[in-house]
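I have a structure here, written as structure tokens, and I will follow up with some questions on it.
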Amino acid sequence: MSELLQLFQNTRAQSVALCEPLHIEDYLPQPVDFASPPKWHLSHSTWFFEEMVLKKFVTDYKIFNPHFSFLFNSYYQTIGERAIRTERGTITRPTVAEVYEYRKYVDAHIKRLLQNAISPELEELIILGVNHEQQHQELLITDLKHTFSYNPIHPVYKENFNLTAQNNEEDGWLQISEGIYKIGFEGEGFHFDNEKGRHKVFLHDFEISKFLVTNADFLEFMEVGGYDNFKFWLDEGWNWVNENQIKSPLYWTKIDGDWHSFTLEGLKPIEHDDILTHISFYEAQAFACWKGLRLPTEFEWEAAADQLNWGKRWEWTYSAYLPYPNFQIAEGAVGEYNGKFMVSQMVLRGASTATPKGHERKTYRNFFHPKHRWQVTGIRLAK
Amino acid sequence: MSELLQLFQNTRAQSVALCEPLHIEDYLPQPVDFASPPKWHLSHSTWFFEEMVLKKFVTDYKIFNPHFSFLFNSYYQTIGERAIRTERGTITRPTVAEVYEYRKYVDAHIKRLLQNAISPELEELIILGVNHEQQHQELLITDLKHTFSYNPIHPVYKENFNLTAQNNEEDGWLQISEGIYKIGFEGEGFHFDNEKGRHKVFLHDFEISKFLVTNADFLEFMEVGGYDNFKFWLDEGWNWVNENQIKSPLYWTKIDGDWHSFTLEGLKPIEHDDILTHISFYEAQAFACWKGLRLPTEFEWEAAADQLNWGKRWEWTYSAYLPYPNFQIAEGAVGEYNGKFMVSQMVLRGASTATPKGHERKTYRNFFHPKHRWQVTGIRLAK
Amino acid sequence: MSELLQLFQNTRAQSVALCEPLHIEDYLPQPVDFASPPKWHLSHSTWFFEEMVLKKFVTDYKIFNPHFSFLFNSYYQTIGERAIRTERGTITRPTVAEVYEYRKYVDAHIKRLLQNAISPELEELIILGVNHEQQHQELLITDLKHTFSYNPIHPVYKENFNLTAQNNEEDGWLQISEGIYKIGFEGEGFHFDNEKGRHKVFLHDFEISKFLVTNADFLEFMEVGGYDNFKFWLDEGWNWVNENQIKSPLYWTKIDGDWHSFTLEGLKPIEHDDILTHISFYEAQAFACWKGLRLPTEFEWEAAADQLNWGKRWEWTYSAYLPYPNFQIAEGAVGEYNGKFMVSQMVLRGASTATPKGHERKTYRNFFHPKHRWQVTGIRLAK
Amino acid sequence: MSELLQLFQNTRAQSVALCEPLHIEDYLPQPVDFASPPKWHLSHSTWFFEEMVLKKFVTDYKIFNPHFSFLFNSYYQTIGERAIRTERGTITRPTVAEVYEYRKYVDAHIKRLLQNAISPELEELIILGVNHEQQHQELLITDLKHTFSYNPIHPVYKENFNLTAQNNEEDGWLQISEGIYKIGFEGEGFHFDNEKGRHKVFLHDFEISKFLVTNADFLEFMEVGGYDNFKFWLDEGWNWVNENQIKSPLYWTKIDGDWHSFTLEGLKPIEHDDILTHISFYEAQAFACWKGLRLPTEFEWEAAADQLNWGKRWEWTYSAYLPYPNFQIAEGAVGEYNGKFMVSQMVLRGASTATPKGHERKTYRNFFHPKHRWQVTGIRLAK
């Protein structure tokens, strides 16, 4: 079996494995517009292979179900009408069983396709599809955690599956000297269009922490009234805190005077040494401000990455998600991938405990609106 | 087996029978705040028996699961905290299987209870619970239709199950003379608190139609621009039409120039002779205004009911839902049943094709906000 | 001078007199969509005479300014496009001075018209216009109070002008026997279309209070936690209390432990014996429920009115605003007056300290949504 | 008279001169939350001098009116409670006359203060106050235009006062070579904290247009369906277009087939050669994308500025408003000036026809949310 087919099959199997602890009911709900149901993730990642690969490379390919293009397209406007993003939780049919049929059908066709000669274009699209599915694996888990968090009886996804119970392995600060640094992806392997275009960036001297902020650090901020003092906050962050009555990181709740956190293993007491997570950019920035420090830019982060221990949290940077010089949007649906989100979002660097193995890359640019907290986010400091 | 137990068991079985065509996925979604998922209806009607009967009448009753009080309470504030009404679709656990376990557990305990001597108070509560469950059977079906209507692939609930394909059996007008009429329930059988307190109402001469408005009638209204002419509409109705871009009854859609309607059998062409349904009070009133006629009051309706053929639609009246003279709210949770909704709603009389057999009653006062259309509503005219 | 002209001129002068204490700035703001600026009231009541009278009865009448039809029309859709209701506070031109020019121009033309022979139709329209202007006088004052209440420095409209400092003159209960009562206007004088159609209503025995609820009464309700106990409230009222964090009647504020109220004389301590005002229907109903009493219906109120001392507050009834039997909407713009609001509103009976002298009438049906509090409302009880 | 006093007095006089064509009514309205009334701008800029200068430098200074701190503070949370930002249009008192009294009172005290020896700290604060007032002069005019635009009768502010009727003076492209450029303010004169910290930035080769996009250019984009084709738009921009039904630049309206624009001289036909204005960042980006070009970054803009003709429009850059390296927020209220807005906004460079003379500076960083259009914005292209 080719390496490519192996990669494809492993990735596809991993999505199914992630859903192994689920009941049918768990595949459905979409409590908020920024998250999607497991059923949708499983379908959409499959649809991607059907739409972008099978329809193009398999002569007389018979699509599994013509409705699925409509139902499981996400933001690809090139490909026609889409179901309304915020109503995904309402769509009960196709059933979960039918979605698994769909996966098998597409998998079988891809397998057949990959057993023949593979053109570079096909290979590239398969690898894009694999990476796309990996992104949805991460979202599937974080979205599921979010859905479960609404349930007052705190469902357990799986014992010994905790995204947030990790400690720092290092301490201290790394010093980086001023100079021109090369930023962006270069070389052979897979990468997204948004990280392409290796280019020079001038950086002034800076220091970046080898550790991530812990729960204990953040509790100190909370205890000195960090959430109540406007002076640490960006104006937009301060409004966010007040309008949403934010008083702690996401999923935290106080029980009999002790902070607990909802996890995929159920409700757990906060461990002081665990690395903080589920905080917004606003909270990251306010914490740094209170410390008299700042967040690194994405360029500083990348310049320092080889000397840092990273991969436990998506680390908020103080860089907006903007195009690199010479960024070009690809033609067609594939081109809708990344460029169209390049406004009003902040870059996160690194990877998290929810990121599939092998998906991380030091040039990877993740991005979210500054208010979002349901990803496995964290704080690294700079000065 | 006692008649009461028989009634209880038949009613309980009927709820389960209604769900027979469902997949697990169908039990979950709540696309709008005014509707609830099947899983919730099944649980809530069960909770009612546990909370109102078993906890009171069974010594040492062991509740099935302490979380369920919280999850499946609806608006009974007396009984403590409730899950948020608009997030019912988010709660995946307990699973559907567990809900059926819950039903069996409660059914078994009620059965045991009803095999002993039955106090009048117990009998009354069982009958209240039966009627409560019947109300939820009607909602279960209309809510399910609403959820299915969001799905672009038009799921079929069941062949030969059509709530809206009925014709008029009579034509012409019934004349009623002025005088004092007795309104409200009197006698022995079951009735809700809101219809109690038989009292005198003076009615002037009026005529009421023996037929309900049909699709053909309403299409005529649509074709002369009824939805575009403010002069037929109440001010609030006109705003509703414009803000929501209403152009037809609910579930209607035009395909290649022909009106179709989403039904529980899937998408069907509009039949001209079928009785109109899924219209709001605003639409009912605008249609009557365009005809130079009016809607009957609930008192006129009740005074005429013995001479009318009713039961196919919930018929909008031009009466607001207000207390009858001497209306008293009962003590405790049972008292939260009806009285607290007596403002800003309009009364509907009759019954519909979704109403369980034996649940209808000529003194029955149904009520909804004037904008709602997802019930099986219709129009009877008066002059 | 004819009596009609005298009436016209007195009414017109009274609107101007009400504005005498205002600065130009006070004529402008519209802080909420249910209230309007003084400038708009002055213009709209003038526009009514121009549109309904002068354009019809004066040959070759030259309208003052063609833009004004658009700007100062309110809900008369028959007459064409209207400026957006919620943006009245944004329209700075015409200036206040120009509005006064407009009033003078229209007044002069009406004067000339009324010095000739007066047809019954003209007389009727003038009297309608006068009554319309009186309604806007009442709104002008209550809207102004509302606007001033937003200003943290508590502007004074006028010394010795207090809408809310009145005491009860009577105590005890009036008993009315069951029977058929005639309800609605009959006879010669002016009346609105909504009170026409004298008709018979059967009333059961009831008692109605000769007094209105006082601040002391309501403070007792507040002190026993009336605002915190769902069981006194209609469901919709309870949501209203919680969503809006209602803790007292409108305009009340606690200063150093003592309740004060914003009045048109500035901020004043609450007087215990003053008749309560600025409460919603929800609050009226909750108070009555707490007392074990109820609000009267509008029919009970009217049947008892001759034996009651009324006129200090608009008294909430537990009657929805619905058409009387045989109610007919008049043709054309005049017909848009009242009928189109007959849904989702409650009837208030009586009159208030803001009602112009001579405008009150025992058959008068005032109506507002149950949440509104900015009118001079009050509570009379029944049982 | 000292130069500083002269500068102060000229600036203060200029604010008054801008209001010379206004009627009292025009000083009041605030139709949208992002704009403020003229009365507020006049008061707030005065309050700044009282709060930041007089209270500090004048012994026994008697504040004009203690309420004004509350009413005319904007976002300075350090200084205590503020009136609600969105209700500025509701506050009729103090009157406009009182506001002018306030200005005179503060001006007189500042004059007296500046006739004595002037410490560097005082000088700095006066110059900050002057620049602050100049910013409010620009907002006063653009906010006023916005308010006037709501009035269906198109008020004229002043004849021969047109912010948007300017042509390009140059054509062609400027080429800049890659290298390290120094960015940010350096030297003696006034500058804001956000432009401080001159630092090195590496730029790759780029070209920047010597001209700004004209109405004719943009009409071409409109005529080829630019507003209807998602592929030119950022995802957030596309949502903005659809939710707000955007079909042209702000203030444009089609009359009998011809585009017109509301201006401070009233409604005027669109002139093809005029430089385009009143467009959002989304529109700027979509236009550039359609052209196959892009917007410059703020660093490219600054590096090229000496060779460009700029100052007619605020030019959207494709740079987010973020801190420069070593940016430090100043202590106290003055520190709330700029840094707290450094998220979710885009940088505009240059200056506009509404910018007071002498206020512009090539290192000036203006910033707005990408949706805003009421400033005098424009498009310069890069490649």
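Labels A, B, C and D are assigned to the chains in the order they are written; within every chain, residues are numbered from 1.
Keep in mind that, in the parts below, a contact is a pair of C-beta atoms (placed from the backbone, for glycine too) under 8 Å apart; a residue touches a chain by one contact, two chains touch by 3 or more.
The chain lineup, named per UniProt: A, B, C, D = Iron(II)-dependent oxidoreductase EgtB.
Keep in mind that this is a model prediction, so the values were computed, not measured.
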Relative to chain C, which chain's C-alpha centre is the most remote? A
Nearest whole angstrom, what separates the Cα centre of chain A from the Cα centre of chain D? 37
If you average the Cα atoms of chain A and of chain C to get two centres, how far apart are those centres in Å? 57
Where the centres are mean C-alpha positions, what is the separation of chain C from chain D, in Å? 44
Could you check chain C for residues that touch two or more other chains and list them? none
Pairwise, the chains that touch are A-B, A-D, B-C, C-D
Per the touch rule above, chain C residues touching chain B in the complex are 75, 77-78, 178, 180, 199-202, 204, 206, 230-231, 233-238, 281-282, 285, 289, 294, 318-320, 322-323, 325-326, 329, 340-344, 346, 370
In their shared complex, at which residues does chain A touch chain B? 23-29, 31, 39, 67, 70-71, 83, 87, 89-96, 147-148, 150-153, 155
